[in-house]
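Have a look at this one before I ask anything.
Chains: A, B, C and D, in written order; residue numbering restarts at 1 for each.
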Amino acid sequence: MARVYVHRFQVEFGDCDPAQIAYYPNFFRWFDASSRHFFESCGLPSWRETEKTLGIIGTPVVNTTCRFLAPTTYGDEVEVHTSIEEWREKSFVFKHQLRRGDLLLAECSEVRVFAIRAPEGPTRLKAVPPPPEFKQLCS
Amino acid sequence: MARVYVHRFQVEFGDCDPAQIAYYPNFFRWFDASSRHFFESCGLPSWRETEKTLGIIGTPVVNTTCRFLAPTTYGDEVEVHTSIEEWREKSFVFKHQLRRGDLLLAECSEVRVFAIRAPEGPTRLKAVPPPPEFKQLCS
Amino acid sequence: MARVYVHRFQVEFGDCDPAQIAYYPNFFRWFDASSRHFFESCGLPSWRETEKTLGIIGTPVVNTTCRFLAPTTYGDEVEVHTSIEEWREKSFVFKHQLRRGDLLLAECSEVRVFAIRAPEGPTRLKAVPPPPEFKQLCS
Amino acid sequence: MARVYVHRFQVEFGDCDPAQIAYYPNFFRWFDASSRHFFESCGLPSWRETEKTLGIIGTPVVNTTCRFLAPTTYGDEVEVHTSIEEWREKSFVFKHQLRRGDLLLAECSEVRVFAIRAPEGPTRLKAVPPPPEFKQLCS
């Protein structure tokens, strides 16, 4: 069974748009926050630390697919359920589910890589294989 | 040939994260902005108007798939190229390409619907078929 | 003694900028979230409700003054302490303190009004005196 | 006469909240964007460059005061007019005006410092006097 992190929070007024519902780019902000909480709960150091020790600056998204099933609005208590679905040679797959109670609001599958800065310049990135010690911590 | 709207802007410091690159949820903010500019350029009224005339509060995203090919950072001059790839009975498909010069940075395919408020409550939405006059304006 | 609401949360990676610290416009997002939590904790209905019953769409900010004393970064556990410092005839004053443990990170004084839509159009607002029942709930 | 930079853009749907007007924390995002454009127009290098050459990571805000005079909504063409009002020994003062045509929507006075990383750690900052060559470029 995959380890699951549950990130609980309330949707805020400022997260919502003139249609009175949460503005969908914020869903990705929430998935990303939950990703960091997931890693933190596994015992991974912060990216500030890993940049110093391994050169790893984070886990940028390579590919994301998201289905939006029901809207949510401010005041709603919601949860993101985050787990790692698959480890690949140079990448891994996050699954995020946004839920309000039993209702699934959105579901997202995200391919990410562990990345270091490329020699070409400070804003060029290069994927590296997931560090084995991180894989183990996340299992 | 599909009509293409090109939304030009500069990536801002505040769009970037501690890895020094644009934070990916902002890509969706940019795609959404370009979507509205696309409709505006076709001559569609604002959602404020359509809510009064047709009950339509906007075009919420049902499904999005995005590939991130290269990062971008503040100061970069970028463009979103937005077009409608397909009209379906109850939905339509936006294609967005984020480019810096000739370089494709990200590509996104978004299924959206025209939505009205559902009778169940102000934050419940209901898809309606794309109004024929809007389809015509966008062609 | 004024009633104080304490809004606790963790600073997220996506809240931070290339200087590795929380991007200051987000401080206002946090103060605004804490304002809504404050009202909710007092028993005020949501703005969705008040728009229907009283025409009140929220409490827009008229004036804000903020001092930034120390930076914060992702992973930090922080608190916004929110209270109402003063009720005036047509406005009121929020005080927000952002704290990390005993350390004061930022302090903000915000003049706000209860607002209804003005007859000139949907995006024109008009201040109304704070409803006495709301003042009482917040005391 | 102070040099003035005019940052023109359109308010986006995603900048607006359920009250249908631009969410006020975004005003600070706009002022900050205009600040960077101001420096760029003066010929200052990016903070990526100055971090390497001078250790300067940017100009964090120490104090901001903002008056909000009229709301704005998506589709509005607006301008931020940014200038430096005063140079002090260890800080300087930005003035930002948000305008729609002749109408002043918001006015903000911001005290900022040029900052380097403090020896205590990567997220501790230290103000340094404005570099004379930067003062000259901005005059």
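One rule holds for everything that comes next: contacts are C-beta pairs under 8 Å (C-beta built on N, C-alpha and C of every residue); 3 or more make two chains touch, one makes a residue touch a chain.
Computed from a predicted structure; not experimentally measured.
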Shared chain contacts [chain B and chain D, defined touch]: A, C
Comparison of B-C and A-C by number of C-beta pairs in contact, larger one: A-C
A-B, A-C or C-D - pair sharing over half of the B-D contact pairs: A-C
Centre distance in Å when chain C and chain D are each reduced to the mean of their C-alpha atoms: 22
Distance from the mean Cα position of chain C to that of chain B, given in whole angstrom: 30
Inter-centroid spacing, chain C versus chain A (mean Cα positions, whole Å): 28
Interface hub residues of chain B, defined as touching at least two other chains: 13-14, 17-18, 20, 23, 25, 29, 32, 47-48, 58, 73-74, 122-123
Interfacial residue positions of chain D with respect to chain B in the complex: 9-10, 12-14, 20, 29, 32-33, 36-37, 40, 46-48, 58, 73-75
List of chain D residues in touch with chain C within their complex: 17-21, 23-26, 28-29, 32, 47-48, 57-58, 60-68, 71-73, 115, 122-125
In the complex, chain D residues that touch chain A: 13-14, 16-18, 20, 23, 25, 48, 73-74, 122-123
